[in-house]
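See structure below.
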Amino acid sequence: MRPIKIAVIGGGSSYTPELIDGLIRHHDQLPVDELALMDVDPERLEILAGLSRRMFAKAGVPTRVTTTGDRRQAIAGAAFVCTLVRVGGMDARIRDERIPLKYGIIGQETTGPGGFAKALRTIPVLLDIARDVVELAPDAWIINYTNPSGLITEAVTRFSEARIIGLCAGPFIWTRSVLHAMGVPPERANVDYVGLNHLSWIIRVIVDGEDRTDDAIEAAIAAGWRIDGDLMRSLRAIPCPYLSYYYHRERMLEQMRTAPQTRGEQVKTIEAELMRMYADPTLAEKPELLKQRGGGGYSDVALAAMLAIWHNRGERQYVNVPNRGAIRDLPDDAVVEVACMVDRLGPHPIVVGELPPAMRGLVCAVKAYEQLTVEAAVTGSYRLALQALLAHPLVPSYEVAVPLLNELLAAHREYLPQFDGGADTRDGANVFSLTSS
Amino acid sequence: MRPIKIAVIGGGSSYTPELIDGLIRHHDQLPVDELALMDVDPERLEILAGLSRRMFAKAGVPTRVTTTGDRRQAIAGAAFVCTLVRVGGMDARIRDERIPLKYGIIGQETTGPGGFAKALRTIPVLLDIARDVVELAPDAWIINYTNPSGLITEAVTRFSEARIIGLCAGPFIWTRSVLHAMGVPPERANVDYVGLNHLSWIIRVIVDGEDRTDDAIEAAIAAGWRIDGDLMRSLRAIPCPYLSYYYHRERMLEQMRTAPQTRGEQVKTIEAELMRMYADPTLAEKPELLKQRGGGGYSDVALAAMLAIWHNRGERQYVNVPNRGAIRDLPDDAVVEVACMVDRLGPHPIVVGELPPAMRGLVCAVKAYEQLTVEAAVTGSYRLALQALLAHPLVPSYEVAVPLLNELLAAHREYLPQFDGGADTRDGANVFSLTSS
Amino acid sequence: MRPIKIAVIGGGSSYTPELIDGLIRHHDQLPVDELALMDVDPERLEILAGLSRRMFAKAGVPTRVTTTGDRRQAIAGAAFVCTLVRVGGMDARIRDERIPLKYGIIGQETTGPGGFAKALRTIPVLLDIARDVVELAPDAWIINYTNPSGLITEAVTRFSEARIIGLCAGPFIWTRSVLHAMGVPPERANVDYVGLNHLSWIIRVIVDGEDRTDDAIEAAIAAGWRIDGDLMRSLRAIPCPYLSYYYHRERMLEQMRTAPQTRGEQVKTIEAELMRMYADPTLAEKPELLKQRGGGGYSDVALAAMLAIWHNRGERQYVNVPNRGAIRDLPDDAVVEVACMVDRLGPHPIVVGELPPAMRGLVCAVKAYEQLTVEAAVTGSYRLALQALLAHPLVPSYEVAVPLLNELLAAHREYLPQFDGGADTRDGANVFSLTSS
Amino acid sequence: MRPIKIAVIGGGSSYTPELIDGLIRHHDQLPVDELALMDVDPERLEILAGLSRRMFAKAGVPTRVTTTGDRRQAIAGAAFVCTLVRVGGMDARIRDERIPLKYGIIGQETTGPGGFAKALRTIPVLLDIARDVVELAPDAWIINYTNPSGLITEAVTRFSEARIIGLCAGPFIWTRSVLHAMGVPPERANVDYVGLNHLSWIIRVIVDGEDRTDDAIEAAIAAGWRIDGDLMRSLRAIPCPYLSYYYHRERMLEQMRTAPQTRGEQVKTIEAELMRMYADPTLAEKPELLKQRGGGGYSDVALAAMLAIWHNRGERQYVNVPNRGAIRDLPDDAVVEVACMVDRLGPHPIVVGELPPAMRGLVCAVKAYEQLTVEAAVTGSYRLALQALLAHPLVPSYEVAVPLLNELLAAHREYLPQFDGGADTRDGANVFSLTSS
């Protein structure tokens, strides 16, 4: 057995202790020899490396923690490459949240124009990582937890030969929460969960072979689910909380508009405090505060994926994967978030069939937006970027899309080199020229 | 050769003279023996019958005009059944236009909640007509010109064995207008036109074998097309004018809000004046005013369809037809508006392939709304009606959808017997009870 | 927990001890309370019941064995209904094997005209069982091991609401044999296995993440696989042994023609001997001779399926299941034999994609034959039966198909009531009339 | 209007006078300025050029006939490139007919191993022509009449950007013959014709809107159709005559075996006589004998295609075209022979839907063979060639396929340079080495 190396690109992330925690808990099943943390921020890198070493040491786990600012060095020879990057940092996220609000559109890390801008910044970087993986660790699996996870997985599967599994803790957390609210242990239930990343529904809950979807809805309502109860009864489905940005658009917008801080601003404060705590040489475990940071399920889903791959388990997991016919209504190369059987060859989607019409329209509309966004991110075409934004169900009109796009491109100019000067000459009067602004 | 009978259901329509005009012009190719006008309004029926007789007489065409208030009598033995019905009359249309505006949504006869309400009222009536046709004129073709034409064609093709061809003058007028603006005769051009009824795009214009789509866009802009020019350049397509309700949402809404009258109110005034003119026993031709009524292409497309069917021509026409694989991205039974070869067996769709992603999302979203609307209209399910309205891209949220639906159902209560008292008990607190209101 | 009852329809089968053996080995995981053996042959039923009781007793397993000649009584309240029927008994099988040989076609229980005749006899009986299950044990799963397993599963899934999982030991045995020949433990391998029941290929073998398909082929050759080695090298696949009837047609035909006995005749002798042994009141375990009977994997696959369903395991198994998009090249309702995830809701196919062209043609041709056979079996249409036989790749021509069909129908007349006198009048001169022969 | 040039590659073909005849009859609609005859055989080229000039002169048609041995010169600037090539000449055809007979398989120009060998020889040449067309006449349409027409059209559409329409006179002749036998003028009928080139069925005949398929079958029987009448009644379809090689395999084989000459040998004699007649300077029209040569419909279908393209007619024609979803059961890039609307952009398939199961299996099997053959022809892979031959429904087994393939490759060695020395090393012991034989 060759030694196991895991690379963490963006190892200075505040999430890293989650990963360490999982690696400690599962060390007997995945005895990692080297955890190679790579980050562009040397200070955060050293803080997280220190904490990671203390956590491993306290747990008696012999995993060696190495650090580097050289991505290729981290990747070389790895079995898994965990990606936790944030191009432009928290300040870029805050811009993604603030700018759409000016145009009367929700500002959110992954949904709407904010997710669009994040995708434009992040996809080229992930494709660079994928190229390095193909060259330096061709058998490795990219364990992606970087958002927007569906878009990034689609970009990498379409434009790279690298192996990638696109994770999100959402499906795990949401399905478990509903069962927990029902008082049903997961092993007695069958949950039909379909859609795209952050655009998904639980459309059926079977317990002991009996359809208990209506009970599941009532349990979710009682547990304070973020979607209106009568709506869920009408849909006969439990939408994921991110769907409140669609179903409860005005209310969510109002919340965002009147909030003293965006989520990014909150997280920035929390992260500063987390970094302070992480730097404390006496800390050797996840601090309580990390729960407020979010992403609590990261450890669970990342380890589950790595273990299923490593041990060739053939285990059912909800991940982001190219469709290939699983959902009738979507193209083959569209990445969807569905139940897969995960083994050493990665995720294999299980057949879904047709989406219910109440879900189909929104899924197809958002997927079209996603496909255009991926192509815009790869080509740097202004025209495609505009088509993408226009195709988004939350963008009301062309009159809004143009200035919004222009402001997003200008605000993130330094992270969008692919758009620099490359606007199509055919795009007409509203061509945005980053070089002349 | 058996004598040719054409039935006109809604024969008291102000459009009827258009049809007479077409029948006169093509009498040599389609020598109609009897034109059976049927209407629920005996006064309008007699006015239109009188004018029709005078028009035929003046043209020396021997077609006999009969009138009846009995739909079955009109249909029995017909070769073609033209449907021109308006359930609830112009007043219902005005409500369809006025009510959505209160909720900040465009009020329009076919697009948005207005078209939704019209579909709920009209689909059951068209299905009744279809049942009569199957029984009394099983070889007849329903030549549908009743709006929303795509939804009605989908309802009849899914829930009836009757033969129907769903017409709209739009594709004919729009493609011809663009070529006219380019100065290109139609026979030298190939125009790729795709989408749904009132949700379509010209995505390619070839002239003499050469791609001149960009020139077509410039010509459309110069001719004052109702869609922004830069947007058309970015899409590299010419959206049909109805797409302004999506692409230029706020502007169109503002126009509607500030207009002194809705389109329905204008038409009501024009129709009153038209009926006055039609009743003049000296009038024996279409009055000039009819052009302001709209629907100028009706004569052209209805006669083209009937002639292609009658003479088994195998002619290319843009009509509404079940998809059956023509557009990859839509289900088989979804009615689409595409180029068909029309012969005695009706319209046969020509393969399209995949929609461009910039169009795909909107088409799939509106089609999902349409499918839900058809099912709601047939079943009278409040739950499905709510799902339909929620699925419409112009309806922003659940919070808007519920009161809007309730108001539409209440306003049209007398024309929506299928919803009476039939609300699902499962729908929860927002169940609308027409009987208790 | 309610008590677990398993019904065995055809419980007098010589295979029953295999099932008992599995139930004993897995009693801790599937503590069966009642095993209800049902058979139309009371003598065999009592023999098998006696042996079953002795086997359970010796193993200290408290499962109660009941017997009945009333199918409905056996089925009522069962959790699993195992089907092991042989309509017409071994003599009918021998006719299935003998008759095609006269026409120069291989005579085989499941492949070719023999399997066709068996399907015609068996499908109506399985549909009767399925009706009883829907009525008397609506939550039960039919665990079908009756051949032709794919055709029967397709008939039941298309024409019944009963739940069925179509089993064959082949995929389990073949994939394990290849890995065993390679010296590779199954948990380190990923095997791509696709096709239809008894018409399948191993198209890829991955070991520890590395493609070792070529090695697998060499190992199979070295182990004496029943398919020519060079052919396997050319296909880059390992066909299942039944494919020798296609790839090595003349050789297999010659073997059958010159064999002193058909397989059915051999089995008949073995079964008589087995029954004699089973009747021995001192026997309390599977006799060694049973191995010669074949079907050794029955215990493994039946128990694996029942355990995965009962414990909602989400386990990867190769079973027969409606396609629903898993294999691109086949209709949705075509039953295919592919890797599924099996849980309490039964088998869920995992996406395959397109078949390699070297397999696609044969699979599509045999599937078309199967669909026609199912429809012929259900309707009793001579015309469809002829179309089915003609569509079979091993039937060379119409000139052969007609007398072969007529002889098969006549030979099995008493088991084919659905064909009695019901020949289509449109079938012309070759209409076979069972009543007049 | 630029002058119209038509190139004829293989202009020395005995069919050329058919083409001239058509060009004369339609000169007013397609006023060809230059007919550039190209052939590798200068003698035949001059004979055909002379006759062509005399035919044009006699008809008073001013088309100029030029000759060249340089393909590129002929193609440069052409509007249409007619391909009438026969790689290896009539002697190669005779080998295609003779060799399979030794193995008990029908020997035929397009069906079975003969067509396979012809495809291997011809596809590379057509791809060369296509390359020249793309370079030297990028707007030209290749009007392919070279057999096997479906395979060649598939090769060119998959591996070239050239525009091609794949013609066969069969569909025109067969559908017209059936209607003629019924005494029905074509304009009153709708004929559903589906399948692949030389593997097609008339599955429905509608006259004046009424289903008269059964009458059509009786009329075909009465007219001496080459397929058994009772079979047609059972299929409720009229198979094309080439299907006798499948449905009446032994009878057709026996005919071929006992015939004094193969069809190629007959044609060779006829062609020698035709050439002698063509060379007669007094001949200025098609000689009667040409009818015995076959291909009588060439003039009709070639001119129909050219006129529909040139005048952008949007006319319904049966041609070979990439499927793109028209037939549900076949891949998108599979070339099928179906009703198309032909206009300046070429053929657009009209939606068919699913094939009836009685046809589906054979169509899918032959299409898989065709796809493998195209890939073998392009790559020169022995392995793919063997897979192709094995996939053919008329090839009974691997034991037959291997020596048959080897003999075909050896017999045509000089025309199969792509196979020279290029056998895959992985192919094992039966690898055919052309260089060492």
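Should a chain be cited, it is by its letter among A, B, C and D, assigned in written order, with residues numbered from 1 in that chain.
Just so it is clear, a contact is a pair of C-beta atoms (placed from the backbone, for glycine too) under 8 Å apart; a residue touches a chain by one contact, two chains touch by 3 or more.
Being a predicted model, the structure only gives us computed values, none of them experimental.
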Using mean Cα positions as chain centres, tell me which chain lies farthest from chain B. C
For the pair chain A and chain D, the C-alpha centroid-to-centroid distance in angstrom is 54
When the C-alpha atoms of chain C and chain D are each averaged to a single point, how far apart are the two points in Å? 44
Contacts with two or more other chains occur in chain A at residues none
Each pair of chains that touches, named by its two labels: A-B, A-C, B-D, C-D
List of chain D residues in touch with chain C within their complex: 214, 228-231, 233-236, 246-251, 329, 331, 354, 357-358, 360-362, 364-369, 371-372, 375, 383, 386-387, 390-391, 393, 396-400, 402, 426-430
For a test of understanding, state which residues of chain C touch chain A in their complex under the given definition. 139, 187-190, 206, 208-209, 311-312, 314-316, 324-326, 328, 339, 341, 343-345, 348-351, 353
